[in-house]
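Let me begin by handing over the structure; questions about it come next.
Each chain carries a letter (A, B and C) given by its place in the written order, and its residues are counted from 1.
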Amino acid sequence: MTETASDAIEAPESGDDDLALAPPTGDAVLKLRDFRVTFPTLFGDVKAVRGIDLDVGAGEMLGIVGESGSGKSVTFLGTMGLLPKSARIEGSATVGGLELVGASPKVLNRVRGQRMAMIFQDPLSALNPVHRIGDQIVEMIRSHQDTGKKAAWEKSIELLDIVGIPQPRDRASQYPHEFSGGMRQRVMIAMAIANDPEVLIADEPTTALDVTVQAQILDVLQRVRREMHTAIVLITHDLGVVARVADRVQVMYAGRAAERGDVVPIFDHPSHPYTRGLMSSIPALGRERLSPIPGAPPNMVDPPSGCAFRVRCPFAIDACAEGLPELVPFGDLATACIRAKDLVELESVS
Amino acid sequence: MTELMNPSAVAVEAPPGAAPTGDAEGLSRKSLSPRQMAWRRYRSHGPAMIATVVLVLMVIFVLLAPITARYGVNEAVFKTEGGVSNRYLSPRAEAWFGTDDIGRDLYSRLIYGTRVSLAIGLAAAIIGVVVGTVMGAFAGLRGGWFDDILMRVTDIFLAFPFLVALLVTRNMLGEISWLEPIIGERTSIRFIILLLALFGWMGVARVVRGQVLALKEREFIEASRAMGAGNRRIIIRHLLPNSIGPILVAMTFSVVAAIIAESTLGFFGFGPQPGADTTSLGLLVGTSKENVLTGNWWMVLFPCLTLLLVALTINLVGDGLRDATDPKLQRG
Amino acid sequence: MFRFIVRRLIWAVPTLLIVTFLVYVAIRLGTDPVASYRRSNARASEAKIQQYIEDNGLYEGFGGYVKGYFSWLGSFLSGDWPNSIKGNREVWPNLKDAMANSIRLAGIASVLSIIIGVTFGVFAALKPGSVRDGGVNTTALVMLSIPPFVSAVILQMVFAVYTRQWFPEATWLHFPTSGVYPPGQHGFNLLEMLRYLTLPVIVVAIQTIAVYTRYMRASLLDVLNSDYLRTARAKGVSERTVLVKHAMRNAMLPIVTLAAIDFGALFGGLIITENIFEYPGMGRFFLTAYGNGDFPELMPWMVIVVLAVIIFNLLADLSYAFLDPRIRL
């Protein structure tokens, strides 16, 4: 019960690059403040995202971790304006200072693909099956730059090469179904970086792929981050992925942040019971039993008051039901658990 | 809930985490079975609900024929006497929908006729669905030569213009004298029911086959087999319950198709001639042909409107059923 | 793809043979050609009757059926078609005219229906669940529920009788309700032809518009739920381009296939409409021939209809392969 996460997952390699450890240079490229998303449905208003703050700096890779329904994807779909029209978005989301919440469709269109790009989980369904790969990349280029068709086509071949697709000239004339899963995801990345965006959102990019291919894709993302100084948000429910490539991690639960910090401390000494629960529910060498988190994901129409995790938390007290928990600094982390200090004490006792 | 809310709108808007299960505090949503969800969706389909009500009322009305009809099927409105003819009277107090060529009340005849046609349609559809389901299920499950032949045969039949195939088959069957004791003679009601069923089963068979083909690769079927279930058990316990939706939809549309087919045949004089004591929509609609240019508009309008009403309500019900049981809309 | 076409055409031959044989048997059983001949030509001599049997291959018995089929097949393929039992007319000229008339009717109705149907389907699909979506869907269903002979008869009644009664002055409203041209018309007159086609086209269009509307709506709704639209939006592509270049391009695929198959089916499928409006197309041809038990007219008709279905199904498959790169034959 008191095993640390680093027993379970190989510690991320520190010193891999200097850029990974250094704090974000200058002002954050993507800033969310009290970001909220609400969906009106037959069952009532679903409060999918209930006040998220976060910063991502240039060249930084922020991992967003959470289970299905935590609101992690919806947050970023919302910033990009890709949610259904009925969704209500409040708060602030700025990219390079430009406010996206409430921005006109024209502005959003210009931001999307140029300043902010997104890649999705299933690259097969994310690519139009009847258009050639090259054409799809060309579309990305020509939507934002004044480039001729031929020049754009050449650029797309270049991009395919950058992401590591062999024989890019031939491949550009092929269709999505002729590519393997990993290749398709590389194509998505190529498309996303075509206009050198400031922010790249990767929504579960490796979930649909084989483990071996996962590593390759993560490497591509690393290269993008290093060579183009793009701020990357990596959304995933897979802790292994986060451990491997992220600089900082933000753990989300029920539409709010549970914990935040650099990747090593988060894995080494997580402060929030939810994070700890996640870490200990992973199979690992030497661990004889899995201990899943009891209970079920919350109902987002009517979430539990106060800290939404309290109904599943072994350490919950009455105070946990009052007031929405905010992230407060706690050592080298920021935590939303009001009992973080107590938990540490409990541990050092046993 | 809004009146005309289309279920697909709900599916599109449903975000992740909208309807989870569980019973602890804050986890209050009760989970609904697929059947309950389908019923909910059906209820939210405005036109389908209206149509269902109308259809049920119509069926009841027609079943209570001796009470709701004002005259007997063959009864003249009043006897011709003293120069006052009872033929071709326009709608009036004694005959709400007018009278026909021998003075019978069209309104009453329509009620009896609709009853007969509904029965024909239902019977043909039921037989067609039963046969079609069995054939389709076996074809889908076993594949092989059975499936190939089934597909070929249905392809050929369905390739011909429907009316052509219907007419030719009708005549052909009518000529084969040794079949007569079984299927009845050409102008009997039994014959037409079987004829319509003959065409009906093919559509259902294809639908069921499609369903089976899609389902049989699913893991729960594999698991069943691993537990030793044979074909028959798999069909009955697993495939059919999961295919109820499409089968119901196919059956509903079969009923309409049968009723319209019967009317069409009747229109051209190839329909059932059940004798003097009953009539059918087909027959009534058939008389409209000769009345177009004679100015007896009621003979045309009322049978056509009745047919239209029947077809429309059943179609709407079928549409509602289809939307309610569409597997693509299983979320939310 | 070339190999696919060749393979399909090769398969078409035995299919045609089998189907025409079955049709041969069905028609012989169903209409008793010899008796029909006797009925039509009451004073025909035995020699003539025998000649008729020879020409058409109407031998008795099981072996006779087979032998007769091949005999028929031979004369059919060689172009030496026996004449109709009514007045000993040649079959081909009338059949040819019937085909032309049907193509005109089906063609105009199809083109109109596709344009109107696709438009309304898109209109409805763009706002699913809205009043206009429900309205379009329900209207389409109502239109589908109107059996063709109902609409034909009602239209005929209105335009043959009542427009003349109620609006005797407005001659433009008096649409003709039968035939192709006014009696005594010689030569080609587009306006008149269109006037005579108006009512039949409306009747056909009521059904086909409804079908295309629902098909397009369903297809577009399906596509609108696709992930690649979200990707396109994420690329900053304008909503209009998303709709046309991405959504419609994918949604039109099934429509093209449907159009091909539908047109093939319309070929012999307008029997009711043609009958009511006395329009001399393939449908009417069949009904008359069938009513007379006219074997020499029925068989070529059947062959053409089956051929049309086979060809248009092939075209449908080809078009699908052509438009969808995932399908490579």
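Methods note: contacts are C-beta pairs under 8 Å (C-beta built on N, C-alpha and C of every residue); 3 or more make two chains touch, one makes a residue touch a chain.
Treat the numbers as computed from the prediction; the structure is a model and nothing was measured.
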{"item": "Most distant chain from chain C, judged by the mean position of its C-alpha atoms", "value": "A"}
{"item": "Chain whose Cα centroid lies nearest the overall Cα centroid", "value": "B"}
{"item": "Centre distance in Å when chain A and chain C are each reduced to the mean of their C-alpha atoms", "value": "56"}
{"item": "Chain centre separation in whole Å, for chain C relative to chain B (CA means)", "value": "24"}
{"item": "Rounded Å distance between chain A and chain B, as computed from the means of their C-alpha atoms", "value": "52"}
{"item": "Sites on chain A at which at least two other chains make contact", "value": "none"}
{"item": "Residue numbers of chain B (touch at least two other chains)", "value": "10, 12"}
{"item": "Footprint of chain B on chain C - complex, ascending", "value": "19, 22-23, 26-27, 29-32, 128-131, 133-135, 137-138, 141-142, 144-147, 149-150, 153-154, 156-157, 160-161, 221-222, 225, 265, 267-269, 271-272, 275-276, 283, 286-287, 290, 305-306, 309-310, 313"}
{"item": "Residue ranges of chain A in contact with chain C within the complex", "value": "80, 82, 105, 109-114, 117-118, 120, 122, 125-131, 139-140, 143-144, 175, 177, 188, 191"}
{"item": "In the complex with chain C, residue positions of chain B that touch it", "value": "4-12, 46-47, 156, 159-164, 167-172, 174-176, 256, 260, 263-264, 267-268, 285, 288-289, 292-293, 295, 297, 300-301, 304, 307-308, 311-312, 315-316, 319, 328"}
{"item": "Sites on chain C touched by chain A in the complex", "value": "226-228, 230-239, 245-246, 249-250, 253, 323-326"}
